[in-house]
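Letters A, B, C and D mark the chains in the order given here, with residues in each chain numbered from 1 onward.
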Amino acid sequence: MGVDELAQNEKPTEEVTPGEVAALSDSVIITQLSKLVSWGRQYSFFLYPFITACCGMEFMSVAGPRYDIDRFGAALPRFSPRQADLLMVVGTISHKQAPILVKIYNQMAEPKWVFAYGSCTVSGGMYNNYATVQGIDTLVPVDVYVPGCPPRPEMVLDGLIMLQEKVAREPEINMTRGVSPLGEADDRKIIA
Amino acid sequence: MGDMNEEKKIEQGASDSEVMARAKAVLGPMGVMIHTHSQHGDDTLVVQAEDILKVMEFLHGDEGLKFDMMMDLTAVDYLGAEEVHPYLKPMNARFEVVYHLYSVEKNHRIRVKAPLTEESPYVNSITGIWVGADWFEREAFDLYGVVFRGHPNLKRILLYEDFEGHPLRKDYGKMKRQPLIGPVN
Amino acid sequence: MDTIIAFVKQPLVMEVLITLVKIGFIFGLTIGFFAPMLAWVERKQSAVMQDRVGANRAGVFGITVIGLLHSLADAIKLIFKEDFIPRGAERGLHTLAPALAVIPALVVFAVIPFGGQYTLWGHDVSLVIADLDVGILYVFAISSLATYGVVIAGWSSNNNWSLLGGLRASAQMFSYEVTMGLTIIGLIMYYQSLSLVDIVAKQENFWHWGIVWHFPAFVLFLACAVAENKRVPFDAPEAESELVAGYFTEYSGMKFVMFWTAEFIEMVSISGMCVALFFGGHHIPFLTQDFLLNALGDVFGPNWGGVIVMLIGIGVFITKLVILLVLQMTIRWTMPRFRYDQIMKLGWKMILPLSLCWIFLVGVGILTGVMPTP
Amino acid sequence: MKEENRKQGYDFHEASRTETMTINMGPSHPATHGTVKFFLTLDGETIEDIDVEIGYLHRAFEKECEAQKWNGVFPYTDRLDYTASVLNNVGYAMTAEKLIGIEVPERCQYLRTMISEMARMSGHYTNVGAGALELGALTAFIYFIEARELLWDLIESVCGARLTHNYVRIGGLTNDLPDGFRENVKRVFAKNRKLWDDFDIMLTKNRIFLDRMRDTGGISQKDAIAWGFTGPCLRATGVPYDVRRAEPYLVYDRMNFDIPVGTTGDNFDRYLVRMEEIKQSMSIVEQCLEQMPDGPINVDDARWRMPSKDDSSTKMEPLIFHFKQVIEGPSIPVGEAYQAVEGANGELGYYLVSNGGGKPWKCRVRPPSFALTSALPLLVKGSLLADLIPTFDMINLIGGECDR
């Protein structure tokens, strides 16, 4: 399936039109509510660890006793993409792996965020050859980039805090990302 | 390590190791050998590709050698570096399938190589002798395009089915991408 | 105003009101208090056991309450999470399943006494929502309903992993249903009653506590109950490394959390059952209720004294509950997971014969008088 | 009765006929490490057939190495078996040195041995810990993560990196031991031994763990050899093959250590072998520190060694050599060589071909877990779905090494 053809499949998934959102966002109740929701989202990331390579070893340490990502409320790994909020892409993505990443991203329930963990996911890192994807932002939208090969756990925690700040600033309750422009739309269209 | 001594040994044409002597004694008269050497202490037999099964069956079955483990199987593309091995040019060979065998019982190793030409990169599969060769042969096929005749399931293993060409060949560009999905980058 | 008071003072209305208060109390205790608290305890206890700090960042104006607010954050986030129904799923059943999982877990509490009987201002107050003569049978009947939620969830998701999870769950839960019933037959013989209120009342004397004479039954019952609840080491139906998330793989948002909540509430109800059956309910060892009533009644008057005794009883009950919850948590964070067929083997080939043996021993004990019945 | 049913068009056998379920497990599945896909045919929960597909982490190691200078290959070798990086470094450096025909100084050999064993410990910690995790014992896993963390602190103090150490160079090492290293080793190993004991208590005698591991994923000695098993998985079947003993390299011939072997070759034996090897490795590290002589850590010959950073930024000649090493690469003599080291998973062999240029013509690595994974269908066919998890974990597929 060609890229153009896939791009055409993209349809807006928002149920509320932008105009309506703008009108509502002026109201005091809605802004206070959205603040509360953002606060909740900020401290409750369920991770989907998309672990493929070396960075996974460091990811174990991030979850381990010394660095303890649980402190930030982001400890619970959910291996079902439906239940996850944060797609942690940990490790090199090869061209063989790319369709799976896109699929997992599309399967995740809104709202969702993507964390590019390690140089390979940021830019391809030291692998620039026929087999590797040069950065996962060519496949899915990315919120936080943490370079390093592998990044130290402190960097990951820093990245997570930055993501939390980003989520806290999120003005909309109904934040949707939609599907990746590259992948097939998931079954969500049927029910929406 | 003692590699210095080995180098000297080659220069002096020192006596062969037991393994080499035995292999030479049996395989020599069979007329399958192209070349032998013991560079850096690694005993190496270079044999005709079409006779690889004969050679392997001997190495596997022989009581004195008993190579019961196929340690490694790979291929090398000598395109543009035929001078590395003197026997490649006369044969017009481009590839070499390299087998590393090991005997757990006797604790010795041997390397067997079979040169192949670009036109006919065919060699018989040794999966009948060592089942473990299965994936190694698939890998060599995947990355070098060497075809193993008689392999039960010869298809790509590391790359995906839609991939065209064999990336470890020297004429395949390092960054020539064929992505399954997404932009070419 | 007077008419309202007069209306309220009618015995039937009073009865209904008291029952409503009790139901409200149980609801608040389980869904309102224990479910979020257990989510927090699970996090914190695992953190303590693993030498970590655990969640502690979520705060309002810098007040973090040692990470308690993370449960609140989770709840807020999950309410606003997309609710997802996969293509090809049975939409109705898919939506119904989480409710089917939660409701039985809650309803079990109807027969678990969380205090004793008190007479306050002329009204008899019994701290149990429904004092059924066959309370234990009711518990088993209801908890077997919980299986349906899980099985329906597994089947309606149109996902192979869910289906496998549902299959495992149904086999496991039905098997342990049977064994769980058998483990406490000895207890029923000993107390000669099927009513949990009766059983608790008979445990006023510490030497008649279930745990004293029926320790093996307690171990077997707890094992069965944990298996019923599908927690580690019996979590094969939702085994993460095997079935992704088992029967609730395709659930998101609040529906997914309802399964979780059901699990936590079931933990509480298991502990409640254990407290009622083995740990003397609201009783304090070596301290009878009458003694307390007399002592406090002298100081505060019979009515207020009764209220204080009631509160002490509830406190004692909850304390015992918490201890058992911590025990369950410790088991959860220590053990590896059983294989599915090993779970079945354990249930049918180990626990079942052992509980039969125990029934026999109890019978012999009661007949020969070695085991003095209350 | 049967006849009656038939008449009514009801065939009991037809009605009770079960179908097999085909299901895709992975590559993004918690148990498959993100790099393998199992195509399972299940009859109930029994695995009727399994097709293993690898290659999801194919990063073109060989193509990438052929484009690097000889010394530039080290970072790529780090990322083969990333649980035990230095072992890969050492294997590659030794093969290149074999091609050149040089021998590194004694202190360097001791250091390489020592750091290799630390890497092996790290690899085994990860493997055994992850095995516990996948069986649901999260706490046990965390214990070994902490043990590994302490170990990584030591390695970091030597090489400057936690995971991908890039410590070895052709003809030597990047740097010597830091001050106070011996005391740190003593402190850390005391703690690690304690964690090991705790882990052992929590799992080895745990009946559930025992039941899950014992008699699952077993393989006979003959099959194991035929499939090219090496390392702990081969030793679990009772074959005492260890490259460190069979063909001693570095200073292993001076070390006093045991090769633990199993008896049945099942998952539990693999686990026990790995657990024992952790202890043996600790003892090797301590022996190395005891015996280690003073002296240089690099060869004297400037053609092969990478000048140290301090020298190359202060002195002229080392700067020139550094420049030549980086831009042209050492011109290693024409030839081919195979050298095996004992990796965390088994025999880690490097086969290098040089055409006399500054880059390797061919840089092949013999990945132990590749051979192990290829035998997976044999190990799990006919067993339950749940058995796939411990078996796959004890096989210890490392994506970087298997797919390269």
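Heads up, the rule we're going with is that a residue touches a chain if its C-beta (ideal position, glycine included) is under 8 Å from a C-beta of that chain, and two chains touch if they have at least 3 such contacts.
These figures come from a predicted structure and were not determined experimentally.
Colleague: Would you identify the chain whose Cα-based centre sits farthest away from the centre of chain A?
Modeller: B
Colleague: In whole angstrom, how far does the Cα centroid of chain B sit from the Cα centroid of chain D?
Modeller: It comes to 24 Å between the two C-alpha centres.
Colleague: Would you mind pulling out the distance in Å between where the CA atoms of chain A average out and where those of chain C do?
Modeller: Roughly 37 Å separates the two chain centres.
Colleague: Let me have the rounded angstrom distance from the C-alpha centre of chain C over to the C-alpha centre of chain D, please.
Modeller: It comes to 46 Å between the two C-alpha centres.
Colleague: CA centre of chain B versus CA centre of chain C: separation in Å?
Modeller: 66
Colleague: Touching at least two other chains at once: which residues of chain D meet that condition?
Modeller: 29-30, 55, 58, 60, 63-64, 142, 146, in rising order.
Colleague: Quick one: which residues in chain C touch 2 or more of the other chains?
Modeller: In chain C, the residues touching two or more other chains are 50-52, 240, 244.
Colleague: Where does chain A touch two or more other chains at once, residue-wise?
Modeller: 64-65, 79, 96, 129-131
Colleague: Which pairs of chains touch one another in this structure?
Modeller: Taking the chains two at a time, the touching pairs are A-B, A-C, A-D, B-D, C-D.
Colleague: Note which residues of chain A are touching chain C in the complex, please.
Modeller: Interface residues on chain A, with respect to chain C: 36-37, 39-44, 64-65, 68, 70-73, 75, 78-80, 82-83, 85, 109-111, 173, 187-188, 190-191.
Colleague: Where on chain A is chain B touching in the complex?
Modeller: Answer in residue numbers: 3, 95-96, 98-99, 102, 124, 128-131, 133-135, 138-139, 182-183.
Colleague: Which positions of chain D touch chain B when the two form their complex?
Modeller: 53-55, 58, 60, 62-64, 67, 94, 97-99, 101-103, 225-228, 230, 239, 241, 246-247, 249, 334-338, 340, 347, 349, 351, 353-355, 361-362, 364, 366, 370-371, 373-375, 403-404
Colleague: Please output the residues of chain D touching chain C within their complex, sorted ascending.
Modeller: Interface residues on the chain D side: 21, 23, 29-31, 45, 132-140, 142-143, 146, 202-203, 206, 208-209, 211-212, 384-389.
Colleague: Can you list the chain C residues touching chain A in their complex?
Modeller: Going through chain C, the ones touching chain A are 43, 47, 50-58, 60, 67, 69-70, 72-78, 80-88, 91, 240, 244-245, 248-253, 256.
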